[in-house]
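Chain lettering (A, B and C) follows the sequence in which the chains are written, and residue indices restart at 1 in each chain.
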Amino acid sequence: MTRWTRKDLLGLEELSREELLLILDQAKAFQQVSLRSIKKVPALRGKTVALCFLEPSTRTRTSFELAAKRLSADILQIQPSSSSLVKGETVLDTARAIEAMQVEIVVIRHSTSGVPAMVARAIRSSVINAGDGSHEHPTQGLVDLFTILEKKGRIEGLNVLIVGDILHSRVARSNLWGLTRLGAKVTVCGPPTLIPTGIESFGAKVSYRLEEPLGAADVLIALRLQMERQQEKYIPSSREYTRLYGIDREKLKGAKPDLILMHPGPVNRGVELSPEVADGPQSVILEQVTNGIAVRMAVLYLVAGAHSGSADSPVDAAVHPEPFESPQGKRSLT
Amino acid sequence: MTRWTRKDLLGLEELSREELLLILDQAKAFQQVSLRSIKKVPALRGKTVALCFLEPSTRTRTSFELAAKRLSADILQIQPSSSSLVKGETVLDTARAIEAMQVEIVVIRHSTSGVPAMVARAIRSSVINAGDGSHEHPTQGLVDLFTILEKKGRIEGLNVLIVGDILHSRVARSNLWGLTRLGAKVTVCGPPTLIPTGIESFGAKVSYRLEEPLGAADVLIALRLQMERQQEKYIPSSREYTRLYGIDREKLKGAKPDLILMHPGPVNRGVELSPEVADGPQSVILEQVTNGIAVRMAVLYLVAGAHSGSADSPVDAAVHPEPFESPQGKRSLT
Amino acid sequence: MTRWTRKDLLGLEELSREELLLILDQAKAFQQVSLRSIKKVPALRGKTVALCFLEPSTRTRTSFELAAKRLSADILQIQPSSSSLVKGETVLDTARAIEAMQVEIVVIRHSTSGVPAMVARAIRSSVINAGDGSHEHPTQGLVDLFTILEKKGRIEGLNVLIVGDILHSRVARSNLWGLTRLGAKVTVCGPPTLIPTGIESFGAKVSYRLEEPLGAADVLIALRLQMERQQEKYIPSSREYTRLYGIDREKLKGAKPDLILMHPGPVNRGVELSPEVADGPQSVILEQVTNGIAVRMAVLYLVAGAHSGSADSPVDAAVHPEPFESPQGKRSLT
């Protein structure tokens, strides 16, 4: 069995098929924990996880926070408003100070691509990329892989259609790397202005019209239209976008009946998805949210283990069923 | 003995006398916990409490936070600035995402009346109203009942005078429901513009002058004048308000010597209460703050038990005296 | 052996040599804890530490937060934006409400000198000054003492040079009190406008030029130039300041080879210190950050013990090696 050896999780591009499957296996084990009355295991007790979200975020930050708490880690919130950044400190100086405080894991979101990788090179602490610019959002990509595997039983050979602003989407990039590595056939679809040129060389088919690829799709991932950015440069209007690429009941008539519908959230209702489709039977959006915690528990647990060199049989040890009562359980983990 | 069966606590209006007494009993048990050196019990270990304060608040939020921590729950802070609400997400979408993260209890404060009830209908998680518009602030109402019971030994038959902006006060509404249900005689007093018409039909007497009802009162609850709202529409000036309705040593000369003086805080010193009265021997304002934690522990504990169906003998089980040492104690709770 | 008897830590000025050494001893014991895989001890389990940072701060707040978490305390963050202060509540009212919630320790940073002392007089909870105006920053002073002791093996007889804005620096004041009390010879150096008149009476020598005292120094503490304040009134320009008082490789040629270089952080790179010197072999800046946690654990632990009257043999008891497994260990602490 593969062992996890990476200090950091910076993107899915660099992960092997075996590493992806290792994370998904570990997440499956943690999913069981969340069904218990006490949703907590002592796996990261006494370890500290710093959440450095230097771009606003609720869902991803909250998901990491709950994941870390359910692993019994201590959490440090570093937010831009309260940050020394207002005193002119650089990101690297902040990271080195966090490392000096013996924080084991630093989760970073930053509006500039490459910042998590730069920090990872500079410090010994593990770094997890929680979204950097338009580069990658690897844990969202893993959540989507996990959810597809749960609902479809496999990833290999599935037709996955990603619809929306491919150009700016770090989610789309992580999805593309993860899905193609595990053997899915990916088609990206959106207005020509929002599809990066040359994306075919990464293994994706391109379609500027929704109808045809939708008919063949097993999985549809609708991306969020970033209403807060000025996207007028790219699309005539969000109304026009919705007419062509918004998913509603009418358009779904041409799709397979067992198509599942995903979205990284939060949904602009009536833009990417009509409300009845977002809440409909094919939507697995809330399951993505639920799975997010198990997947992030897995990632936190694996990088912590690689760091300390002690994660021998990670899947079993981490989810010991009586976390707080049994000294043996704890000793074997730490 | 009554058992608690409600998933949510949305207001005192809908609670029976037995339900009110059950909460007060449970709070009494938790009050003992706060006298210990280790003020913590494992009752909600592994459960998550989300604090969604979408209106600024320190006291109530802090009180809920400490209550949840002393029950060993994990806490998730959802605040407006960091919230997806800036991305245009609706309150219901946020609530459904929180539910999907398997958060057991959601505490909500919102400036619009009815939002907690709407959320409670939409999700399986328990919802506690921490103040909604001018509708209700049920835990503050319970704190006041608890404090009166502590100081007076009973509620039935007491004369309680509520002074101030009755029209906009959710505290006044929760006080009115709770006090009348437990048999107190309530008089509301304030300028005519700040007394809602028809309030007599809810069991309160109305007085526009302070002197007469003050002479008969056993308990006086002074409400906060919301200086931050433009109340010029309702009162000529805060100076004029204070002259007529502000409580000072002079006015208290006409009151019973064992009158107790309450205020939900924070006090505008020199407006609702003169400083010497706020800090004087009849004031129980700081006891209200202390009791707030025991009362909120009780509410969190009861709704969590109703949710999981395991709160058999809540009063005894929750306050087991050696919470962290005794495995038996923990097993019986979870 | 001295016992710690103070409820509060407000400044180093009032501490005896024995008290300073007691804190440093306790910090040494906690430093060992941070080398373990599980960096947590149960010493403050069930106690609450409120962090009231009414001035922006990341490093000191984070350091106190980690220190409190590694002692297993519960933490309450009170920040200006979320604070009742916006409702016009006074600092004292906030402090009394925090006391009423049975919070054992209140850590306060405030832009006005003397606020922590005022609060300490008003409430029974322990108060720790985390920096008040230009008065004192006692835990930073202790961190510097601890770091010097670690690197040099002693403090008595050392030549310590403090460079920069002595006039506004609470760090300089705490350093001065602590260092002279433990027998170091302190020289302060900076532009005449930034040296308070009469500072010689507190035991410091004064130099307006860097070269001479630098040659004799064993320890150099560079202070942060508060770029955010309008210091144009005091210095012609930060460029001119750097030319005269900024430390770079060139100026260090005149210093002892075993000089150590300290800075309370965050560094304005290229102003107080050149980048190659800040990251160079003589810099112990990141060790100051690491030591900050052990020192603050010691302070939190000692004031908590003085408060409860139970800290009999603090050094040993607090760092019991198997904190979560051993009931005896815990009983002896609480």
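Operating definition for what follows: a residue touches a chain if its C-beta (ideal position, glycine included) is under 8 Å from a C-beta of that chain, and two chains touch if they have at least 3 such contacts.
Predicted model only: the values in this text are computed from it and were never measured.
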Superposition of chain A upon chain C: rotation angle, C-alpha, nearest 5 degrees: 120
Residue-number overlap at the chain A/chain B interface, same or different (half cut): different
Centre-to-centre distance between chain B and chain A (centres being mean Cα positions), rounded to whole Å: 39
Of all residues in chain A, the ones touching two or more other chains: 81
Contact footprint of chain A on chain C as seen in their complex: 34, 36-40, 56-59, 61-63, 65-66, 69-70, 79, 81, 227-228, 265-269, 286-287, 289-290, 292-293, 324-325
Chain B contact footprint on chain C (complex, rising order): 45-48, 74, 76, 78, 81-84, 86-90, 93-94, 96-103, 308, 310, 327, 330-331, 334
